[in-house]
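Here the structure comes first, spelled out in structure tokens, and everything after it is commentary.
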Amino acid sequence: MPGLEDLYREIILDHYRNPRNRGELPVPPAHKVEGFNPLCGDEIVIYLEVSDDNVVNDIKIAGQGCSISQSSASMMSSAVKGKTVDEVRELIRAFKSMMSIHESSLEGEGGEGEDGAVNGSGVKLGDLEALRGVVKFPVRIKCATLAWNTLTQALDEIG
Amino acid sequence: MAVTPTPATGACGRIDVAAVKRDFPLLHVHVHGRPITYLDSAATSQKPQAVLDRLDWYYRNINANVHRGVYSIAEEATNQLETARDRVRSFIGAKSTAEVVFTKNATESLNLVIQGWGRANLSPGDAVVLTHLEHHANIVPWQILATERELELRWVPLTADGHLDTTHLDQLLDGAKAFSFTAMSNVLGTVTPVRELADAARAAGAISIVDACQYVPHLPTDVQAMGADFIAFSGHKMCGPTGIGVLWGREELLDAMPPFLGGGEMIRDVRLDGFTPNDLPWKFEAGTPPIAEAIGLGAAIEYLETLGMVAVRQHEIDLVGHAMQVLTERFGERIQIHGPVNPQDRGGVLSFAFDNLHPHDISQVLDQHGVCVRAGHHCAKPLMRVLGLQATARASFYIYNDEADVEALAAALESAADFFML
Amino acid sequence: MAVTPTPATGACGRIDVAAVKRDFPLLHVHVHGRPITYLDSAATSQKPQAVLDRLDWYYRNINANVHRGVYSIAEEATNQLETARDRVRSFIGAKSTAEVVFTKNATESLNLVIQGWGRANLSPGDAVVLTHLEHHANIVPWQILATERELELRWVPLTADGHLDTTHLDQLLDGAKAFSFTAMSNVLGTVTPVRELADAARAAGAISIVDACQYVPHLPTDVQAMGADFIAFSGHKMCGPTGIGVLWGREELLDAMPPFLGGGEMIRDVRLDGFTPNDLPWKFEAGTPPIAEAIGLGAAIEYLETLGMVAVRQHEIDLVGHAMQVLTERFGERIQIHGPVNPQDRGGVLSFAFDNLHPHDISQVLDQHGVCVRAGHHCAKPLMRVLGLQATARASFYIYNDEADVEALAAALESAADFFML
Amino acid sequence: MPGLEDLYREIILDHYRNPRNRGELPVPPAHKVEGFNPLCGDEIVIYLEVSDDNVVNDIKIAGQGCSISQSSASMMSSAVKGKTVDEVRELIRAFKSMMSIHESSLEGEGGEGEDGAVNGSGVKLGDLEALRGVVKFPVRIKCATLAWNTLTQALDEIG
């Protein structure tokens, strides 16, 4: 049985206690999107400011949730700031692929998620690797991916 | 470690929790190297050895399809199934087994009456009254029907301490066709005044439907005294197996209702051009019933009857009162217990907020200590919104819990706070 | 005593019936002082020890409510439930677990699709095609809907030897919206040409719904090869526990269907003014699922997979062929076996008339010899009327039956005739 | 476990092999009623001729069914012929009471059926007592009572 230390790495707790990029941005120019985890009631609000040359100029996070959803959002905000939209989409794919390994094997489609697997994509997840342990706690995967799904929605809406 | 006996437990005396605990195999497993402390009986209860034995006995000795077999084991399976039905009947004080319908869970029971009675009796513009305390099982079927039939749903609000606010009940019931409410909240633990509510419904010309999922396992139940028209509950929350639920309804109402699911068992005759439904209760039991499950539920009821439901109720009042006291003394402002203040007004359910920790994180850390509590919206999202909460942590107690379990909960909460060092 | 192996049983080889029999505790009980001869598996099958062990293991070690619990045993219960779903998925060759819905029995599965798909897609005057072979579970839900929606029900008739008479199928399907048919008759044993029928439905623009209750337990099942849109079956007929059924449906069709029962688990969000349904398959699973039952079904599938479904099918062809031969040789004109003449065209079901004895009397005397057969209309009254019968006696075979069971049946029939000395 | 001899008494088999009052009667003056056991498909047709002074002048039985339903009908026909309608109703009550003992205890209303219990009513069942064993085979009770329920219906229709 996986233990607490697999889930709550020190860096996760650090982001939970001291969330980065917390706050709001004026809309417009920023774009605002809300995400919602129906399972646990976690809510997240992302303010995203993308420049004309498709670079994430600024991002702020509001909302409430458990340590996993909040730290994942905080780490995400640090990771995407300054990146191009394409790079961000790459990162989202890599992150979600890391999160999906267990979920997909649970649902018996073990083969499918492998394609875009972490190492295959060549994207460096850095600190985000700390969230890898979440896959051992399937119920919490949705907490970890909430911010990322919401970010995808924001990017899709910006177009 | 047993709860202090009170003179009020009646003829059945008090519950010997240590002995009860020995009857439940799962309570002796270890989680993360620690003995389990199971505090999630509001979600599902554990099962005593007697129930597991009955299931096993059924499958080993008399497993056969029921109601039509002429051979011995089929007759015996039928006999056991109907005996279990009678056990349910007497456990809830129903007049006749015709009024006891087996379903797969309380949710199906509620859908059966809401869709069955509702489709036959409700027309556009009709009003139905619910309460803010309801579980999704008593909301969503009404919403489905409300869309289909253009019904108006009205809601009984709450008082600040988590009771139903019945100030304007008569107004809400005015012209309503049905009043569908919980007998005990699975989030706040609130025990509602079923008789009073059912009487108000009847006075207003509305039928009453009671979600008794959290009531029947924990309090002495007498459908005559309750005065409602339908009650629904699940076997798995009262020491029985999964896969079995019950709908009790007044015979004349069940009789007037159209069948719900069609198929074998529920018919008297089928021709190419139509069918005639069977007698009650089989009219509502299409297909092969959950045979082993119903028989297992019978064994669960025997077990509960041995303890005595008066004693069960007193045990839970005592234990939840004790828990409220211990947690408040120990954590003061750091813990906030939702729902009624007086343990007499609540079942064995304790929802709380602790130290600004998210319920998911609390539950996760508690698990490391072998303590099982539930975190989330408890299938009562409208209630959570009314309360202004996203989620709660919920400890719920049953016959096999004692003061040691409360102590384990408190200790685990302490280490959760330490762990997150917020 | 094992059936003679034929080269046709494929890679899995033949079934070692003596070994299989040892795995089923009930087959070792005695009835009226004689070892039981269980020949009623079409009604419900017996359960191997491995399934009983799995149920017991679940309740002793991980019993907890699923899908929302954060603690270890709840995660493990969820994991086991979803693993069982995946086992069902691969057993029937479904593309995704999103297409595998757990119900309480095949009857609920059929009602779910008939009421759910039907209410969303059928309007007055629409036609639906059924067959004369159908079980009540695939007739009555249509009759309920036909009355509600003013549908026209059309029937595929039978040939003299109990096959579907598809001569005018295209005409019957012309303009029809759905074709709902059995994959194998529980009375005549007729295995129907599912692929051909599903293709004909598709060509006519109708969806196809298959009652696979007697098919999945006995033949290798591949929903892709079958080509139908929905299939329904029960766990209790395939070595699994009571209280569990399955509906498989094409994802796009399930997606487009409205929810059936409302409650917990099947929602994504609930507000006072409405709800959003959950993803597939949970959208159709309201309330606490039959958790132990689903996990037990998973164990049953593992058991069947060990035997190999190709071998199971061959075993039943061999055994039913042997039985037909023995009974005909022994009783000549005195016995009349209903349904297809060629064992290849039928499942392990043998309905018969014997010596002018009423099936109830036959079954009653057989019981004295420990032989369990079913007597009656087998929940297929329209078929009985078409056949001009009131009732039949039915012996049905499964993996644990062998030539000794056929001999016991024949001997018991002999003494039934003696007993009544007509 | 009850054995065959409890169910199939010699007199029952005799009535099965040699059913009394088999046939039809002209309608009118006879009254014709059909009964149906949905469980096993048994069918019974009763032709009943009641005189102006309320005596069962003649009765004939047609239809098909198992040994229990057929012999019960045959025995019934012998028992009611020549009786007044009131006496027949008494007999029906006594017979059904004998048949309901087990059924009602099965359904948990053990108390209810006792009132009209065989001995309480004072009615002599005679040969019909042979059917008592049927109560040990609950599935077959409906076979035994089919003729009697159909007779009740006939009497009710005659008025």
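Read from first to last, the chains carry the letters A, B, C and D; within each, the first residue is number 1.
Keep this in mind: a residue touches a chain if its C-beta (ideal position, glycine included) is under 8 Å from a C-beta of that chain, and two chains touch if they have at least 3 such contacts.
These numbers were taken from a predicted model, which means no experiment stands behind them.
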Any chain that touches subunit B and subunit A: C
Pair sharing more residue contacts (C-beta pairs) when C-D is set against B-D: C-D
Whole-Å gap between the CA centroids of subunit A and subunit D: 77
Centroid spacing, where centroids are CA-atom means, of subunit B and subunit C in whole angstrom: 32
Centre distance in Å when subunit C and subunit D are each reduced to the mean of their C-alpha atoms: 38
Chain centre separation (subunit B, subunit D; CA means) in Å: 46
Contacts with two or more other chains, residues of subunit A listed in rising order: 1, 39, 137, 140
Contacts with 2+ other chains: residues of subunit B: 31-32, 68-70, 72, 74, 267, 269, 360, 364, 375-376, 381
Complex contact set, residues of subunit B against subunit D: 68-70, 72, 74-75, 78-79, 82-83, 85-86, 89-90, 96-97, 267-269
Parts of subunit D lying in touch with subunit B, wherever the complex brings them together: 1, 36, 38-39, 106-109, 137-140
Residues on subunit D engaged by subunit C in the complex (per definition of touch): 1, 3-4, 7-8, 13, 16-17, 38-43, 64-68, 137, 140, 143
Sites on subunit B touched by subunit C in the complex: 25-26, 29, 31-32, 36, 40, 43-44, 46-47, 52, 55-56, 59-61, 63-65, 68-74, 104-108, 110-111, 135-137, 139-144, 147, 153, 155, 234, 236, 241-245, 258-259, 261-267, 269-272, 274-275, 286-293, 360, 363-364, 366-367, 371-376, 379, 381-382, 385
Contact set on subunit B toward subunit A in their complex: 31-32, 358-361, 364-365, 368, 375-377, 381, 384, 389-391, 419-422
